[in-house]
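Take a look at the structure below.
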Amino acid sequence: MAQKSLMWRLGPLWSLVSLLLIVYAVTLVNSRLGEGIQVQMRYALVNLVIVVALQMFIGTSGVLSFGHVAFVAVGAWTVGLLTIDPELKRNLLPDMFPFLFDVQAPWLVAVILGGLVGGLLAVIVGPFLMRLNGLQAGIATFALLGVVSQVLTYWSSIGPRSGQSMVGIPDVLDLQTTMLITLVIIVIAWLFQRTKPARLLRAAREDPIAAAASGINVVPQRVIAFAVSGVVAGVAGGMFALTNRVLQASQLGIELTFITLAMLVLGGVLSLSGAIVGALVFSLIDLVLVQLQSGVDIGSFVVSIPQGARPIVLALVLIGMLLWRPSGLTGGREFVWPFRKHAPLPGNPVTND
Amino acid sequence: MSQLLQSLVDALSAGATLGLAALAIGLVFGVIRLANFATGEIITAGAYTLIFTWQLGWYISIPFAIIVAVLLSLLMELSVFSRMRAATPATLLIASFGLSFLLQRVYELAFTNNVQTAPVASELAQSISIGGVRIQMLSVATILLAALLLTGLQLFLTRTSLGLQLKAAAADFKTARLIGIPASRVIGLSFALSGILAAAVAFVTTVQTGAVGPTFGVPITILALVGAVIGGIDKISGALAGGFLVGFATSMLASWLPQDMSNFKDAYVFMLVIGVLLMRPQGLLIRGRGAVRT
Amino acid sequence: MSNADKGLSVVDLTVAYNGVPAVRGISLEVPAGQAIGLIGPNGAGKSSTLLSIMGAIPRGGTVLVDGIDIAGLPPEKVVRKGVSLVPEGRHVFAELTVMDNLRLGAVGRRDKSGYAEALENVLALFPILSEFSARQAGLLSGGQQQQLAIGRSLMADPDVLMLDEPSLGLSPTAVDAVFEALDVIRGLGKAVLVVEQRAEFTIAFCDRTYVLHDGEITLTLKPEDANNVDVLTQAYFG
């Protein structure tokens, strides 16, 4: 019995370790490939954290959310406001509430606060939105994104005037630190999967009727998942702010929502491995495409693709994936202990493909 | 008083436009549970066609725009959605997002990111004065066009066999197939009609702006989709009414909110949407509970 | 074609949902001019059997209609081969008129010219539909809706008529009316396959009744078994 429980503990732990190793290895390789690729890798890791946040909610609850980028946006805003130099704020963001001019925080504290603000927003709206299902939930979360985007675009009391950007965010986050934050987030997401709310939600997602019959009320569990994933999305927003160093609400809207959802679908919605593999593969394809757009020497030939072809290829990858392998690259499975045959994570179905 | 009348006509026209767009989405959703976000790119395709061919004369340009919109709509079905019959509405929506994104980038590659302009039906851009009330010709034309299309659609759906088949399939696709209505026929028909409606939306919005860019159809599609869902996307009339409501509300808010608040008009509309979804998740026009099949 | 071939013949039919078997290789004969019953508890696989014959869900095995294999056809084509299903819960088009419902039933006809005659026959069989022809189908009573659903299926002029729990939720008089109509339809030489929960009633009415249990046919009963308590108990409790 003790042995069995040891296996049960070690098997899934392997899935965590392998994910951490993959992210570490990909980052390490890319860090050797020059300045430009390093910068792209930092953005890739930020996207990866957003995708992990999406997976923590969508994959666990089965409810569609187009709203997580709203949490990313408020997280980014928080970090921007807390890290820009007070003098700069006074000059560039003159309409802001005066108290915001002097609030400052070290970048790491700011990022954590950004996460908490994201989580707070999720906790406030969650009890309402989490009562909805299917398309209705999708539209309602989308509406949330719409409201947040509008407020951040136009409300100059908490940011720039409309059409302007928030600038002057300090350059403190290098690739290595970005990776460390990402690894911590992956551990948090992995731990979350094993909590009671997450297990209940997975059970309810697989068999709603049985879950209802056994008296599981999914709404509070969903709110918890929404809030925790909101924190992670907020942290991702903070990372984005420190990586991009210029903030505009339009960067954190429908397009980012689409791209991160595409990454999740590519990898497989139902597993954490899916989120990570999807984000990495998508980013690697993107990386190659960027190189190709500027031309790559192969022997005596220069291979290049036209400007603008990159997003087209990425969209085709998503559509092709939905057509031919709708359960994603990982098929909803976690990585398993290589000495055992494919066993799904407890509570995760091997979905139809 | 005159200002009220003016804003009322404008709101009716905005409602009519969004109602048509929501109907374009609702017709397809009723049959195959696809809320097609890429309807926006059909609108954009129609709009580009109008801009590029307007100098050939309206009698060429308008039919051409309709043909392009219908063909693009059918192409979407044949190339992507017909291969996804087993997918859930959420997955279909994501696929349509992908298609929308793809086509926007294709437009960008073909026609650049800059807007293309042409004075499409510029006669309609004037306003006329009736008893001291200034009224946009375009608003009147939009309302008339919508009335005409809706009457035509209603006659088609109730008086012709093909229309009845579509109506039956939109109400209950499974049963429709079981009694012998061919799936491919009604699905194709719904995409074609959706294309025609999108072309109509393209016409009125292109006249209004005279300028078309790669993301031209996106804002209207967002509002139309949202409207269709709150009206009850399961029913053709629900989608229409919801789209109208959102268009009407947005226009009224734009006319009557003070300047510094009218920037937030979409935010108010979205909050309204969340409120409606919470109170009536099945849609404003759908009676009873649990009518939504998702 | 010999008369013996007329009707529906199912050989070794299997249905599975996500790998879980629901129907495990059953064989049925529904000859022309006979009514055949299929009874069994909930979840026995009755509806799956009918839906898979229609091609609405994937199946294994062979289905012959008047001796012709209908493998791989979608529902709308199966209707055109002469098989029609009156679905469980009736599913009339509630917002359309009674007449429009009947008109839609004729979409699946093989022979379009027989439309007027078919309509006349259906209205003769169910006079109430004639009276309420312009009324919205959703406003009819349950029994009337069932008559409309059967009439709609008959408009396709099927050789094989299948009904999924036609008595569900109906009053005793309405049930009688439905089965009287089925008797007439059987008399017209059509093959009738009725899925039911009400065992006694079905066994007495049908020329032969199969008992389905956990995806397998466990018994075949004759009308005279309807009063045999032992047989009925065995049918339901294995």
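Labels for the chains are A, B and C, by order of writing; each one numbers its residues from 1.
Keep this in mind: a contact is a pair of C-beta atoms (placed from the backbone, for glycine too) under 8 Å apart; a residue touches a chain by one contact, two chains touch by 3 or more.
Please read these numbers as outputs of a predicted model, since none were measured by experiment.
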item: From chain B, the most remote chain by mean C-alpha position; value: C
item: Pair of chains ranked first by number of touching C-beta pairs; value: A-B
item: Chain occupying the middle, per Cα centroid; value: B
item: Chain centre separation (chain B, chain C; CA means) in Å; value: 41
item: Inter-centroid spacing, chain C versus chain A (mean Cα positions, whole Å); value: 52
item: CA centroid of chain A to CA centroid of chain B, Å; value: 32
item: For the chain B and chain A complex, residues of the former touching the latter; value: 35, 80, 83-84, 87-91, 93-95, 97-99, 101-102, 105-106, 108-109, 218, 222, 225-226, 229-230, 233, 263-264, 266-267, 270-271, 273-274, 277-278, 281, 292, 294
item: Touch list for chain C against partner chain B, complex; value: 54, 56, 74-76, 79-80, 84-85, 87, 91, 93-96, 100, 103-105, 107-109, 152-153, 156
item: Contact set on chain A toward chain B in their complex; value: 64, 128-129, 131-136, 138-140, 142-144, 146-147, 150-151, 153-155, 162, 254-255, 258, 261-262, 265, 306, 308-309, 311-312, 315-316, 318-319, 322-323, 326
item: Residue ranges of chain B touching chain C (in the complex, touch as defined); value: 158, 161, 164-165, 167-168, 171-172, 174-183
